[in-house]
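Presented sequentially are two complexes of chain A, the first with chain B as partner and the second with chain C.
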Partner chain A sequence: MDATARLRLERAVLAAVAAGIVLAPFVGTRLIIYNLTITALYAMVVVSLNIILGLAGQVSFAQTTFMAIGGYGSAILTTELGFDPVLAIIVSAALALVAALVIGAPLLRLRGHYLAMATFALALGTNSFVTAATPLTNGSIGISGVPPLAVAGHAVDTAFSYYVLSWTACAVAMAIFALLARSHIGRAWRAVATGQEIAASLGIDVTRAKLMAFAIAAVIASVAGSLYVEFTSFVGPDLYDIGIVLNVFLMLFIGGRGSLAGPVVGAAVLTFAPQFLAGLQQYQNLVFFGVLLILILVWPSGFFGRSRDSGPLREILPLWLRRRGVAR
Partner chain B sequence: MARDQAVLAVTGVTKRFGGLVAVSDLSLVVSVGSVHGLIGPNGAGKSTTIGLISGFIRPDAGTITFGPHDMTRLAPSAIARLGVSRTFQQATPLSGLTVFENVLVGLHTRFGSGLAAVLARTPAFRREAQAMVEEAQRLLALFGLEALAGTDARNLTFGQLRFLEIARTIAMGPRILLLDEPAAGLNDLERQQLAALVHRFRGEGMGMLLVDHDVPFVFGLADRMTVMNFGSVIAAGDPDQVRRNPAVREAYLGEAAETEGAAWR
Partner chain C sequence: MPEALLRAERISVRYGRVDALHPLSLAAEPASLTLVLGPNGAGKTTLMKALAGAVELRSGAIWLRGREISALPAHRRVRTGIALVPEGRGRLPGLTVLDNLVLGHNGASRERRRARDGDIDEALALFPALKPRLNQDCSTLSGGEMQMLAIARALLAKPHILLLDEPSLGLAPLAIARVYEALAKLLDQGLGMVLVEQKAVPLRAARETTIVLRNGRAVFQEARRPDVDELAQLYLGARAA
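== the complex of A and B ==
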């Protein structure tokens, strides 16, 4: 599939997804609406990963850490300090921004796997920290009773209003991604992802470019984390388990790194698949991750990925079949 | 600083890799609007010199200045922004980006719009982006690549890739261009096109440091020459002086089996 055909397909899918999101409240069950709200918030986190990984090419596992700053920030500021929920989201996002600059400045100078290793440790540490910091976070019990949002005097406290709010926030994140991706800023990120030396030789400050992507991604993840906690009115360590950040990676890889529509598709697949597979009981994870493994081997760039790599299986399988005399 | 008098000055630069002295007490000057040829047998330190000037390799001693700016310790991106840019021996595309986007990346430093202007799509940003698109089109036409604008850069032939690399580097508007073996692997027609481009850039006031194994190609273009061997300068001056220099003849004829020795004769 060439670039224009892929773009056309992606636009068509985006239009279909948008139509589905608009129509869902009229036909969907409460459970579907709930899951679609969760999908929107996770899609936002995947969009943030798509900025730092899909565009700037930096493997960072820090997205759940920034979600946790948003989630715990909102919960603590509203329940303990009586902040307005909207103000709490903004203050938490500012904290996430500062954290991203402090964490990113030393790490993003380095090349290779340092960022991946350090942020993986950070992701593991986040869960342990919020479990252990009981006076602040209420430990493994978490904080419940986080008050709902009020936007312009209207309380956002029904399933439908949260659905609208979440998809609006997700659309804003996608618009930010799209505007940046096709600007000189996004092009510089893509240049850094494919060749840091070339980018530097063209006057691009590589560390600064990476830090900017890291910081923008942190703010988006933090806002998604805040909205998630406002939606469920609860925050606890399990929301930031290491498995969650791996899920976010899977969502991006299924959807396609670097693409606009990919994160929504990936988030929807991973949110809904476990329920479709629930009948399989103890084999659920086996089947689910088995299918995922095959998908990634055959189709490593995902639904809308930029890369044309056909994947190891598609290259090896015909050879193997030929050798067996099955195919010519 | 009067722009016309800006010179790139390398003064007493030395670089050791372990026990090997790759470049020893090198001094040379590249003026804007002129071509400085740098030749020498394999391992003479030519590519190391380009790495040193462009900031990818840190010198152990000496200074490198451009006009009033000391760039000895600057990062490669800062040196490029001062107006001293390089090409690489191995012309590498920014793969996954089209030919057109490759040139637009070269124009990156000429964008003034920041994050807020991009997200708000201010009229100033849109005007600027449009101007850059036109500039990229102009550059692609200049390098004969306009028909390939939408192609993923990794699908180019070797020669097309070389011209794309130069177009991408020229896009940022350097005052001094460091060309690391630009003619390597090009066919005769492409070499002529390259020579015509070098003439054109010189006419527009750009200074160039031209490193190449094709000695007649360098002699045909250079206003000044420096010849290196084993990391040291063995001759420098105008091309005619250098051509007659016995040390130069010996350095090249001493390795007659080498292709560049053959080219010399």
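== the complex of A and C ==
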């Protein structure tokens, strides 16, 4: 599939998704609306990963950590300190930004796998930390009774209003992604993703470019984390389990790194899949990560991926079959 | 003595415990050609990276137009007027030819950046083959076209010195001829050039120096070019007469 055909397909899917989201409240059941709200919030987190991984090419497992800052930040600020929920989102996002700069500045100076290793440790530590820091986070019990948002005096407390709010937030995140991808910094990120030495030879401050992607992604993930907690009115350590960040990666890989519509498709597939796999409950992770493995082998660029890489298996298998005389 | 355009004083590079480049000095002037020859692994790319700031110096210092640049990181060194066309041409898949040129302008000084469109036209005038391909993904370019794009991209930083790391590597003879034709024009326009190649090049300048590297050491550094027999001896390690 060439670039124009892929772009046309992506636009068509984007239009279909948008139409589906607009129509769903009129025809969907409560459960579908609930799941679509969750889809929107996860899609936001996937968009944030898409900025750092899909555009800037840096593997970071920190997205659930920034979700946790948003989630716990909002929960603590509203229930303990009586903050307005909207203000709590903003303050939490600012905290996430500061955390991203403090964590990112030393890590992003390095090249190679350090970022992936360090953020993986961070993702593992996040769950343990919020479980252990009982005075702050109420440990494994979590914090319930987080108040819903109020926008311009109207409480966003019905399933429908939250649905609208979540998809609006997701659309904003996608618009930010699209603008960044086309801007000068987006070009610089793609150069950094291909080769940091080449990028530097073109006068790009590689460390600063990476730090910018890391920080913007952190803010988006934090806002999604806040909205999620204010939607479900509960926050607990299980929301930030290491498996969740891997799911976010899977969502991005299904949808396609670097693409605009991909995160929504990936998030929808993984949010709705458990309903169809209900009978396979204990094998769910096996199925998910089996899918990830197959994707990487056969279809590494995902649904709308930019990469023209056809995947090791699709390259090797025909060769292997030919050698066995099975195919020509 | 007036300050040279580019001056490197006893620069050396070490990778771990390996001396990749033994102390070497060189100077380049406007419209001059510094040709760096040598077999694989002789330290040619290391020398270019050292000048461009992609590797750290173990010793020595580099000045550009009288300003010491040895402490500057690569992305800031470009802005002082020294641009590198890297080995392997630095293809950036997913970016169009125009994207590449716009990125190249990143290295230009702040005042210069306002003149971007004019600068891009100027670079395209040197490589008209790129013009019809402006909106094409650069991964669809041939090796020769990509080399032209890599040079055009580096020129957009408006350098005083252009570092070229084996621009002819893997190119068809016709493409090599086109690339060298453009380089000759650039020399005429007064650009200083440090050019790495493995074998002799069809490029001449009024002022030129040839350096032959072997095992990280300059075994020849003179204003003339070694002839074929001499070069073979230098490559193989026998003492030059």
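What we mean here is this: the second predicted complex is superposed on the first by the 314 of 328 C-alpha atoms of A that agree within 3 Å, B and C clash if a C-alpha of one lies under 4 Å from a C-alpha of the other, contacts with A are read in each partner's own complex, and residues count from 1 in each chain.
Keep in mind that, in the parts below, a residue touches a chain if its C-beta (ideal position, glycine included) is under 8 Å from a C-beta of that chain, and two chains touch if they have at least 3 such contacts.
Everything numeric in this text was worked out from a predicted model, so none of it was measured.
Engineer: Give one word, clash or fit, describing how chain B and chain C relate on chain A after superposing.
Structural biologist: In the arrangement built by aligning on chain A, the partners chain C and chain B clash.
Engineer: Would you check which partner chain A:204 touches, where first means chain B only, second means chain C only, and both and neither mean what they say?
Structural biologist: both
Engineer: Let me test your reading of the model: by the given contact rule, A:191 touches which partner, first (chain B), second (chain C), both or neither?
Structural biologist: both
Engineer: Taking the superposition as given, does A:28 touch the first partner, chain B, the second, chain C, both, or neither?
Structural biologist: Neither partner.
Engineer: May I ask you to decide whether A:148 touches chain B, chain C, both, or neither, giving the answer as first, second, both or neither?
Structural biologist: Neither: A:148 stays clear of chain B and chain C.
Engineer: Does the superposition put A:139 against chain B (first), chain C (second), both, or neither?
Structural biologist: After superposition on chain A, A:139 lies in contact with neither partner.
Engineer: Given the superposition on chain A, which partner contacts more residues in chain A: chain B or chain C?
Structural biologist: B
Engineer: On the A-aligned overlay, A:179 touches which partner chain: chain B = first, chain C = second, or both, or neither?
Structural biologist: So A:179 only meets chain B here.
Engineer: Same chain A residues contacting chain B and chain C, which ones?
Structural biologist: Overlap of chain B and chain C footprints on chain A: residues 3, 184, 187-188, 190-191, 194-195, 197-206, 306-307.
Engineer: Quick one: which bits of chain B touch chain A in the complex? Just the residue numbers, please.
Structural biologist: Interface residues on the chain B side: 54, 56, 75-78, 80-81, 85-88, 92, 94-98, 101, 104-109, 111, 113, 115, 118-119, 121, 125, 129, 132, 150, 152, 168-169, 171-172.
Engineer: If we count contacts the way the header does, which residues on chain A are in touch with chain C in the complex?
Structural biologist: Residues 3, 184, 187-188, 190-191, 194-195, 197-206, 258, 306-308 of chain A touch chain C in their complex.
Engineer: What part of chain C is in contact with chain A in the complex they form?
Structural biologist: 52-54, 73-76, 78-79, 83-84, 86, 90-95, 99, 102-104, 106-108, 137, 139, 153-154, 157
Engineer: For the complex, which residues does chain A have touching chain B?
Structural biologist: The touching residues are 3, 176, 179-180, 183-185, 187-188, 190-191, 193-195, 197-206, 212, 216, 306-307.
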